[in-house]
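Structures are listed in the sections that come next.
Okay, so chain A shows up in both of these, paired with chain B first and chain C after.
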Partner chain A sequence: MGFIMILVLSPLFSGIVNKQKNFFTGRIGAPVLQPYYELFKLFKKETLHAKTASFISRITPLVHFTAILSAAAVLPVGFSAPLISFEGDIILFAYLLSLSRFFQILAAMDIGSSFEGMGASREASFAVFVEPIFFFTLGSIAFITGLTSISSIYDSIVLNNISYLVFIFVCSISFFILAVTECSRMPVDDPNTHLELTMIHEVMILDNSGFDLFLYHYSSSIKLFIFVILETSFFGSLGGGNRVLEIGIFILIVFFLSTALAFVETVTARFKMKNIPQYLLFATAIGVLNLLIFTFTQ
Partner chain B sequence: MNNFIVFFFSSLFLQIFSSIFLIVFRNNKKASQVFHFILLIGLVSGLTSVLSSILSETPILFPTDFPIPLEYFRFDSLAFYFLFLIQLAGIPITIFSYSYFNHEIKEKKSVKSTLFFYAGLLVFTQLVVVVNQAVVFLVFWELMSLFAYLGMIFEKEKKEVEIGSFYYFVMSHVVVFALAFFFFLLHRHTGSWFLSDFHMNSDSDTLVPFLYLLSIIGFGMKAGFIPFHFWLPKAHPIAPTVFSAFLSAVIIKTGIYGLLRTFQFARPVSEWMGWIVLFIGIISAVFGIWYAIVQKDIKKILAYSSVENIGIIGIGIGLGLIGSACQSFPIQVIGFGGALLHTLNHSLFKSLLFMGSGILYHNFHTRDINQMGGAIHRKTYFAVFFLIGSLAITGIPFLNGFISEFLIYNGFFQAAKELKNHYPLMMLLSAVALAFAGGLAVACFTKIYSIVFLGSQRTEIKKFYFSFFDAFSLGILALLMLVIGVYPIPLIQFVSQVLGDGFVKGNPLPILSNLNWLSISLIFFALLAVFVILFLLKKIIYKKYGQRTAPAWGCGYEKQTPRMQYTASSFSDELSEIPDSVLGYQKIEKSSNFPYSDKSFSTHSSDFVEEKLLRPLFKKIQAFSLRFQFFKTSDLRTYLLAILLMVIFYSLAGFLWDS
Partner chain C sequence: MFNLFSILFCLSLLYLSVTSRLNAYISVLRIQGILLTLLLLFHSIGHFSVLTLILPLTLFTIKVILVPRYIKKIIFDLEIKRTIESSMRQFSFLLLVLFSMAVIFFVSNSLSKSVKIDIIPFASGFSSVVIGLFVIMLRKKLIVHVIGFLVMENGIFLFGSALSFKIPLMIELGALLDVFVVVFLMGIALNKISSTFSGFDITELRRLKD
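Up next, the complex of A and B:
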């Protein structure tokens, strides 16, 4: 149920963010359903492959999509249990994301174009900081409680405990930074510029089109939604078993997150590439706070 | 299996006997064919005997009338595990060796002596792990190192070979010195020379840390932990690929074997020793791979990546030691189990990658990856096998590297759960360090793979050599990695059998098999199904909406040349600059406004340990020894007198020590 929702609703979230962004900048903007139209359009287009491309860039869209899909399958969506859940799936989750990254970097380098090489190099360098942040957030609860499955980690969170509230606050910042980095959002990456030199993810898929590009776009909107889910699932227990209330809270938080994302994207400019590692290290550093909170409040 | 002993020793005999054919046949090619064939039969029969003995439950009987003194050997599970590892990696390397040395024969080089050294190396490495007597162990150990050294100097006319092999030579003797001291201490304490008798009494509290120190210096230097790793990036690149593959896949694992044996000898351990090993492991894992990213020489990258993997094994051993000190059964099992598994896994993927580097060297005639490129368009199978190896070494799911890293992560979780207090914090930091090393490994191996295989060729080569034997040896390894990654349970059972025999008291199997191996296999098949469905869908969509190839997008620029592609140095530029004081990363640029004047750009890196520790140390030693220059004479008798005095001094000291 939750898994199907991730599949269906993830483009909608990007649509909402874009609409809000347009609102903040005083424009009317594309309709909320625009990402669906775009995906549909890409689906029907002819696929081009570069002459220098090998089988790597042909299978990568599939591998990337499959890996992201399976990473989404281990997540609990606020009010419903995950599709797959077992002890240790937190490690699998982190490593599935790194599988998708591995192939994406290869596919970018496959063409031999220096633009895509630039994106691949940046992705490889910044991704180094991503997994530590992940371990400092959800991982820190795993280390405190000994639970190693993502859904049981979320179940163990009690909202009336002050240290958990601080934890959620710190995690939210970390997840925000992670989402921004992983899904090519504003302070880190700007996919809307017309200069390939300044992009990260978008420049890696320059030579993709048609169905391949459809898979890339679809999986990146799922990836963004994964981070939204990671955040909303903290408040899964607020509904207290009441389905309608749970869904209501879920929608509220999703809307809040999209507003936050749109707001930050409107008011900030993209960082210098050199400053991005510092930005990520900041997320790592506040992640350390999490564990200190638990170590000293126990 | 009662005649295991006969079977095993005759297989060893067959392996060494194969070198006779090198003398019998005049013709290099024919000699190499027969030699490799016989050697392979020896290895396969050895593997069969080991496997059948592992699978059958009956204990090994020692025949009474045997020409070899059998009391010097011991066949426990740990020995079997390492025998299995040596033979499993040895078989593909031997198959590869045939095709590798064929290239050298074509260039009219004499390979016979090197082939003999290879056979010797194989035999003595197997003997090292089964021997039970300390002095014999040291002799075999020395012979193993010596054969490796002799094989290493195949291209001895080159300057870098001279330097690199000398590093190895000196390192192996420092190791032997430390180990001799280690075993003499054990002998003094227990009064026996047999490894199986080395146990600590209650009054050995002061001895145990000292033993660990010696073991970390001796065995750890062989294994290549930071700061003892300096010889790996010097010695691996210059050896013939067969030897560097064997060195990295097997020889450095004998260091791990020694560390694990040390744990069997010296118990109880205190907790801080576990922490030290864990810390060394983490440092090796993170900085090993970071150094690897900066390199341009493919074999140097692989050598540094061995340091990383040895570090991961060290993390497992450290966890096991901590578990043993805290008397926690599960932590011990998972820690040592992870270390053992990763030892085997690393020997599989590292031999594949090294053999791949050998194939690349024969085709591109260089080890600099910046000169390679586009190999995927020449030989697709080769590219697929190398891809599997790169994925496995980065610990990507559904290949064997993930299985052992998964186990080690579980060890962290277990330790945090059981021990509470400050442990969660320490374990989290360790896990983060491992994850960080994993991220760096992704950067490192995407770099190798994309520079070497992807894009277009940077230098023209006419024919790409990739023989059937190359494909076969790489194929076996790739298949093994996939099988272990998807269905690890048989190997897990083997590991728990090893752990139950001399490591922990109790049955470790429930703890290891309680982890969700089956879920991992199931998810793999589910994902495979999704992938296949998508693949078919893609075919249909291509048919319906069209698909064609076109030139790559160059932002309007049409005259792209291979030289404009991203290079290894530019790919890793950002990661190289972060810790530039440790990596010694420098960019040297010469530029001028005039055209056709000498413009150049190059990047360099150096090893911290070598530059900041070893070089000053040896300079100091040199300066110190120069003070004794007044002693220098041309008279030989003076030196003989000095030696005599030294012998007298040592004997007196030994005599006084004992009384």
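Up next, the complex of A and C:
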């Protein structure tokens, strides 16, 4: 149930964010369902491959898509259990995301365009800073509770404890930075410029078309939704077992997150490349602070 | 609740060590002032009286309204540029801050076994003092040194509230007055320096030595 919801609703979330962004800048903007139309358009188109490309760039879109789908299958969606769940799946989740990134970088280098190589190098250097963020936020909860499965970690969170509330508040900040970086959104990367020199993520898929591009776009919207769900699952226990209430809380938080994302994207400009590592280290620092605080209050 | 404010205080310190804007420094000062005021108010919730309101109100007026406004005025009057200049890269500065915070938390944990203290407020106050020192040591602009001094002072305040015994009201008020006077004097000194030298860089001041 949760998995199907991720598959169906993820483009809708991107649509909502875009619509809200347009609202903040005073434009009418594309309809909320626009991402679906675009995905459908790409789905119908023919796939072209560059002459220099080897089999790596042929299999990469599929590998990328499958890795992200499998990562989505591990997640609990607030009110429903995950498709797959076992001890240690938190590591699997992190490395499935890395696998997808690894193949994308490989494919960008494979095509042979110098621009894409540049994008790949940037993506790789920022990925180094992204992984500690994940392990210091969700990993620190795993460390504290002693659980290693994402769904049991979320089940163990009790919201009536004040220190958990602080913890979630602090975690949310680093998750937000993580989501912004992983999904290459505004303060880190600007997907709208279409200038190869300023892009990180978008430049790597410049040479893809048709079905391959469909897979890339679809998986990037799923990826964004995955991070939204990571955040909303903190509040899964608020419903107290009442299914309707749980779904209501879920929708409310998703809407709140989309507003936050749209607002941040409207008011901030893209950082200079050399400032991004310290932005990411800031998120890691928050995670370390969290861990310190929890080790000494228990 | 006490821990919550201390953690937010720590977050503001981390933000201080990552940002490179003067305005952000001033807003950090404001945020810290608000946090300290709230902390004092929560302290007095059990035994509420007019006397317990004096200190939070004075603190709020001085740390949230007067001092930041005065610093802003100095920046505006002397046309100081909006970025802070550092003799160390921001990235390494943040690493340094993070490392010292970790050390401080471990030290205060082992200290809490012998002395009766709340670990989180104590450690956040302690780190605030150390980070204020780092700001004074590693930033080039004079006005940023004033802010570093104020961060140190905030840390001492938090530090004091983490101790189990109570500091008399008069002493706290006196300390606040001292801080205000010091910032005022520093402002005047900066004005004097600006009429002699064009820049506000400590590297310029090297020429003063005999």
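Please note the rule applied: the second predicted complex is superposed on the first by the 298 of 298 C-alpha atoms of A that agree within 3 Å, B and C clash if a C-alpha of one lies under 4 Å from a C-alpha of the other, contacts with A are read in each partner's own complex, and residues count from 1 in each chain.
Everything that follows uses one rule, which is that contacts are C-beta pairs under 8 Å (C-beta built on N, C-alpha and C of every residue); 3 or more make two chains touch, one makes a residue touch a chain.
Keep in mind it's a predicted model, so treat the numbers as computed, not measured.
Undergrad: For the three-chain arrangement built by superposition, which of chain B and chain C touches the greater number of chain A residues?
TA: Partner touching more chain A residues in the overlay: B.
Undergrad: A:183 contacts which: chain B (first), chain C (second), both, neither?
TA: In the superposition, A:183 contacts neither chain B nor chain C.
Undergrad: Quick one: classify A:286 as touching chain B (first), chain C (second), both or neither.
TA: Touch partner of A:286: chain C, not chain B.
Undergrad: So in the superposed three-chain picture, is A:68 touching just chain B, just chain C, both, or none of them (first/second/both/neither)?
TA: Touch status of A:68: no partner.
Undergrad: Contacts for A:253 in the overlay, against chain B (first) and chain C (second): which applies, first, second, both or neither?
TA: In the superposition, A:253 contacts neither chain B nor chain C.
Undergrad: According to the stated criteria, A:224 is in contact with first (chain B), second (chain C), both, or neither; which is it?
TA: neither
Undergrad: Once the structures are superposed on A, label A:150 by its partner contacts, choosing first (chain B), second (chain C), both or neither.
TA: Neither partner.
Undergrad: Tell me which partner A:211 touches in the superposition: chain B (first), chain C (second), both or neither.
TA: first
Undergrad: Is A:277 touching the first partner chain B, the second partner chain C, both, or neither of them?
TA: both
Undergrad: Could you tell me which stretches of chain A are touched by chain B in one complex and by chain C in the other?
TA: 277, 292
Undergrad: Hey, which residues of chain C end up touching chain A in the complex?
TA: Residues 1, 3-4, 7, 10-11, 14-15, 18, 90-91, 94-95, 97-98, 101-102, 105, 108-109, 119-120, 123.
Undergrad: Within their complex, state which residues of chain A touch chain B.
TA: So the residues of chain A in touch with chain B come to 43-56, 59, 62-63, 65-67, 69-70, 84, 86-89, 91-92, 94-96, 98-99, 101-102, 105-106, 109-115, 117-118, 120-122, 124-125, 127-132, 134-136, 139-140, 142-146, 148, 196, 206-207, 210-211, 215, 273, 277, 291-292, 294-295, 298.
Undergrad: Which stretch or stretches of chain A touch chain C in the complex?
TA: Listed in rising order, the residues are 162-163, 165-166, 170, 173, 275, 277-279, 281-282, 285-286, 288-289, 292-293, 296-297.
Undergrad: Can you list the chain B residues touching chain A in their complex?
TA: 373-374, 376-377, 380, 383, 387, 391, 394-397, 402, 405-406, 409-410, 412-414, 416-418, 420, 422, 424-425, 427-428, 431-432, 435-436, 438-440, 442-443, 445-447, 449-451, 453-456, 515-516, 519-520, 523, 526-527, 530-531, 534-535, 538, 541-542, 545-555, 560, 562, 564-566, 570-575, 578
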